[in-house]
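Following this line, the structures themselves.
Two complexes come next, and they have one chain in common, chain A, joined by chain B in the first and chain C in the second.
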Partner chain A sequence: MSKEKGKRDVLAFMCAECGQGAAVTAGVARLGYSTSIKIIRVKCSGLVGPIQIMDALKNGADSVAVIGCCFQACHFFNGNFLSMHRIKLMKKLFKEMGYSDQMINHYTARAAEGETAVGDFEDAIERLLVAEKEGGTFA
Partner chain B sequence: MTNSSNANNIAEIDQKSKSKEKEEPRIGVFVCHCGHNIADTVDVEKTIEEIKGLDNVVEAQHYMFMCSKQGIEMVKNSIKEKGVNRTVVASCSVTQHGPTFAKAIEEEGLNKHLHFQANIREGCSWVTSKKKRPEATKKAIKLVSGAINRARKLEEVETKQIATTKAALVIGGGIAGLRATMDLANLGIPVYLVERESSIGGHMTQLYKTFPTNECPQCSISPLTNGVASHKNVTLMTYSTVKAVEGSLGNFEVKIQTKPRYVHDNCTSCGECSANCPVEVPSEWDSGMSMRKAIYKLYPQAIPSTYVRDKKVCIECQTCVNLCPVGAVDFSMKKKMTTIKVGSIVVATGYDEYDPSEIEPYHYGQEGYEDIITQLQFERMLNPVSLTGSNILRPSDGRVPKRVVMIQCVGSRNEQVGNEYCTGVCCMFGNKNAQMIKEINPKIDVIMCYIDMRTPGIYYEEFYKKSQEKGIKFIRGRPSEIEKDPITGELSVIVEDTLSLTPMEIKTDMIILSAAMVPPKGIGPLGSKLQILRMKEGFFKEFHIKMNPTKSSKDGIFLAGAIQGPKDITQSVAQAGSAAALAAAPLVRGYIEKEMIIPLIDHSNCSICGICVTACPFGALAINDEKLELNEVACKGCGLCQPVCPTAAIQLINTREDELYDEIVGITGGITNV
Partner chain C sequence: MKIGIFQLNGCDKCFNETYLLDKHINDNSKNEIFRVKNSEVEKWSEKDLDYAVVTGYITLENHEFVQKLSKIAKKVVGYGSCTTTGGIFGLAYQKGYDITPIAKIIPDTTLISGCLGEIEELSEILQGHPIKKSEILCTSCARKSTCEYLDEVTRQIDPQEDVESCFNDFGHLCSGYIANSCKEMCVDYGTACRGCKSSVDRAGFRMLGMFGTLMGNVEVATEATGKGGTDKLADVDDDVTESIPDVTGSFFRFNLANSVLPIGRNQSNGSIMSDIFIGRPIEELPLISGCIGGDHSISFTLDIIQAYEKGLIEDLPVSEKTVELRNNLLSLEKELNSALKASNVESYEKITNQIRKIAGNMNLSNLFFGGFKVPIDDSGDFEGYKKSIFEIREGDYQNGNIKYSLNSKGIVTKFEMEA
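And then the complex of A and B:
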């Protein structure tokens, strides 16, 4: 049931610090990436809960990426860590329920390096393609 | 600020936000061309067409440069003429021009938090090829729709002024703490300096010379120790520790416990008591390299100069009581608790030297291996009042060693003992002490076993060169073992020279271990009292490793010196200056300004489960009298509490879950008429 190429929606919740920083750096460097990626700005990746992730998937997003600062560099100490664990747990749950665990992912990015954000986006899309192949998506 | 007044404030905000919700949102949307930057990739006109019918959108315009004077006028006019009360500008990143538009609407009487920025340049046009104009346009429409949805429920956020207490606390009286105290006091701020030992000065006063100039450390530090002790703005509290800390930036309340010295301040430091005291024990200060009495001073220049009685070893013969010409000795003194109020805290509790006895193959501290000492012990051996009379002698038999081997990286760069980091200072003090040996007795052969020689910085590499010129030998390799000949008692160091790939056994008379700098004892309890985080290495963690190295995880608490990781004196002093300036700023100004981006608590839904209390990294939440309370000064508005709440009773203003939902729907559903 995969969608037409480029018509997917990958919602990327990015923290206002390194996450947004990396996205802006990527923009300034004109690094290209798929229009599937849509960024939502949040103060910290740890603020994104299961509800937001499910809301996104339920309302038509094909995949969700939560992107925070590098470990040890979270501006609120362990928000990124919390987020990573939250998503690890959700992945487990997704698998148990028979869905692919490749639709939800946690990443980190470095504000000074736009490539890190683009790498995260590309990985999220790659994983989404895997999920579609496995047939475990919501769509 | 007490918690109960916070609760009132929250109630106030609750009231306010309710009244605001009733006001019908009138959204003005402005899409920027940014010259060619956006318009070449995104069809700006089409975007406007698509979103202008969305609910509550009363104004939708596009313009060549929204950030120009004319663009800003457009935004302002929409407020004046069309009664717009929420603005969305779709242009560049929020960091670039978010503040420009926020200021513009503020000038028209709107709260600046009622502006929302959609990033269609860095987040869309710049990252999409011009050939993909239709896709880019679709994406921009989705992003703008999301922004409009998000703007609909935006609430005013007030900025509060919170008065600060004009006083500071410095914990730790080493070089870093002293520098910070002096800098703060010179700004006219009353400073309490709390030191655990009976004298200030810290490790620097234990050193024999300091690199890279081989200066006398006492000479450089004594203007500071004397200056601090006699400064009218400084209250010196030695023999004291912090027992409890409450409050947050601007207003802390700290309890300090002072141990009894058993000698009153009228002590003239004549030394009669000590000279006649019959008890003699090894001096901890001199790492056992000298003896002290039961009534003693840490070192001759100790400040305060008042003597101190060690109750544990005292036999209570009363000799000192009877001899003291001013009657200062008093065995009945009790410990004292003092409560102080301060606005900022500087933590400068330094480091401890690593105890190498844990490294079994080096036999440090074991019987029969007395001639293996640490660098700090060596520094103390050279001090004028040491047992060796500041000569270089073997501790075991008092002979002059023919050869001394130094082993670098002991307890540093060693995952087995859990310290991955390079202390960074020991290559320099190893070189320094090797040079000292050569200066004092050029006949002694000095060999340094190192892994890498790390001497970066001005005059530091030169310092290493100087060692080479002095004839100190360097062997690249980490010794695997120290052996002792059972018959002759001679020590030998087993090491592979990794440059020539030769295994070696170096016979020697004395070994000096360059032990790592590790977090000082008692750092754990102190950290939890201050509610600041530590790194995995155990030192206190800075707020941001690059941008904020002297701020702790908590607002109003700053870090100076080796407590934030191993440092030499130069770095410690520089950091102390920075910490002092940061600590002084809110006190000199007299107030702090804080945007109240804080979570709002719905008490009727809160089940007081306390999970948000544990999620908050800043200790801003607490349950008091069965009610969840927020310390809005300590809160940094990260929103980590929001997703953990099982009843959605705690919601961050302007990032509430329903607002995030609206934005998600705006983006995923494309055009949504809610």
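And then the complex of A and C:
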């Protein structure tokens, strides 16, 4: 994927329930967010695992955010919880390999509150900048 | 037919195993086999070959030679996990060693994964037959997987306490899910599969994903971190991250250099052996040394085991029977080396079978701290030489030419091996 110089791509996997719901609510309220955020809607954050995250990082994403429903509010059973467990292990792996763990992040959002999604986006970008500053990204 | 067998770097167990081709290929006397080892490899100048078999791990310096092989040989075969995926030596990728799986240099190489590589498979390939597609390891394993959520991860178990349930049901990470059925069958000798013969690509990440999911019953904090705010709890260390002290070694044991991860940026500790061992938990050490120790795997593994036993003294007692069985293994190792020196195929086969009888397989799965994991035929009462669950103790340990230090979690912080 070719990219403008200085431009960053943060891939946000958002669950179709609260994650995407919060982004829609943000849209209705006309809350703006960075054009660096690229959203892929998934049925549940529990469907996103290390294979999808590594595919994203290998194919041009500078960082990945997985955004699901609040804990105890998964619309299936515990997809958000499992997704967080996997991201915890991936973060540890990245640190063990000498890279920053701030390129992969896990969040939850609330469909009724658009600012939760926008807050997640802002945090993901902030964390990517920290990772870059520390020289810990894959680039 | 002209066959060249080349040993590049590291362990030479796969290279030695190719002596058995004589036993497995019909009419092998018609074949001309060149066996070329380490330092002689670069000087080697035969012009054409039907097959070039590569064993051992590949570094940047070997790329040119491997490319040359693809020109002079009609077919190139990577034999053993070191060559096909970087193998256990590939763990040094974490500390910046550029170990290359052979298919990244020659994409159409025939790959025979396994640590030890299976001689039956190599013989089939060299006779022009395809290797039979094997089943997933779990289908040939005597234990039965339930895939239920785990409450915790356990670093040590008594495999004899329950011989029917899957290791994973005890929270004892087994890589059988991503492995093919194999000959060495660590799972039959009280050892969870290490994943040397992976059945899928990106096996390490698939294992990580699988376990992240299986750990679904492990309690972690889930309360919101701020009012109306978003939860960022994935950064918090808890039972999930702490119960797997070495994510790299647990899931990428044989395929780190073949994962999609970029090369590790940790400082090297000066030698490939220390880079492989540092960061690994104590209970992993004999399993690693048993794989990579080449023709001195047995003494290497016993040095590692005895160093810790010496340090723990009465807290990790060793019975006379255990000592006797270990001494038998040490004598067998000496005999094996004489057989190799004399290129004596008959004794090589006989001795390796005797080693297998005591140690379970050529990875020495049955060897452990304090004794053996599973009963050995004709060795009397198992209670007399059975391993025990040992405690983790911080400190410095030494035996023979091996020296290592552990931190309070039982993770190796220093590892030295005198030449």
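Everything below uses one rule, namely that the second predicted complex is superposed on the first by the 133 of 139 C-alpha atoms of A that agree within 3 Å, B and C clash if a C-alpha of one lies under 4 Å from a C-alpha of the other, contacts with A are read in each partner's own complex, and residues count from 1 in each chain.
Just so we're on the same page, a contact is a pair of C-beta atoms (placed from the backbone, for glycine too) under 8 Å apart; a residue touches a chain by one contact, two chains touch by 3 or more.
Remember, it's a predicted structure, so these values are computed and weren't measured experimentally.
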Touching partner for A:Cys44 - first (chain B), second (chain C), both, neither: first
Chain B versus chain C as contact partner of A:Arg86, first or second or both or neither: both
Partner chain(s) touched by A:Gly119 [first = chain B, second = chain C, both, neither]: second
Chain B versus chain C as contact partner of A:Phe76, first or second or both or neither: first
Partner chain in contact with A:Cys18 - chain B first, chain C second, else both or neither: neither
Which of chain B and chain C A:Ala56 touches, first, second, both or neither: first
Touching partner for A:Val10 - first (chain B), second (chain C), both, neither: neither
First, second, both or neither for A:Thr108, with chain B first and chain C second: second
Set of chain A residues, in rising order, touched by both chain B and chain C: 49-51, 72, 78, 82, 86
Parts of chain A lying in touch with chain B, wherever the complex brings them together: 6, 9, 11, 20, 23-24, 26-28, 30-33, 35, 38-44, 46-52, 55-56, 59-61, 72-73, 75-79, 82, 86
In the complex, chain C residues that touch chain A: 94, 202, 205-206, 208-209, 211-213, 215-216, 218, 220, 222-224, 228-235, 238, 240-241, 244, 246-248, 251-252, 260-262, 264-266, 279
Of all residues in chain A, those that touch chain C in their complex: 49-51, 54, 58, 70-72, 78, 81-82, 84-93, 96-99, 101, 105-110, 113, 115-116, 119-120, 123, 138
Contact set on chain B toward chain A in their complex: 93-95, 119, 121-124, 126-129, 132, 135-136, 138-139, 142-143, 146, 533, 535, 541, 543-545, 553, 615, 617-618, 636-640, 642-644, 652, 655, 657, 660-661, 663-665, 667-669
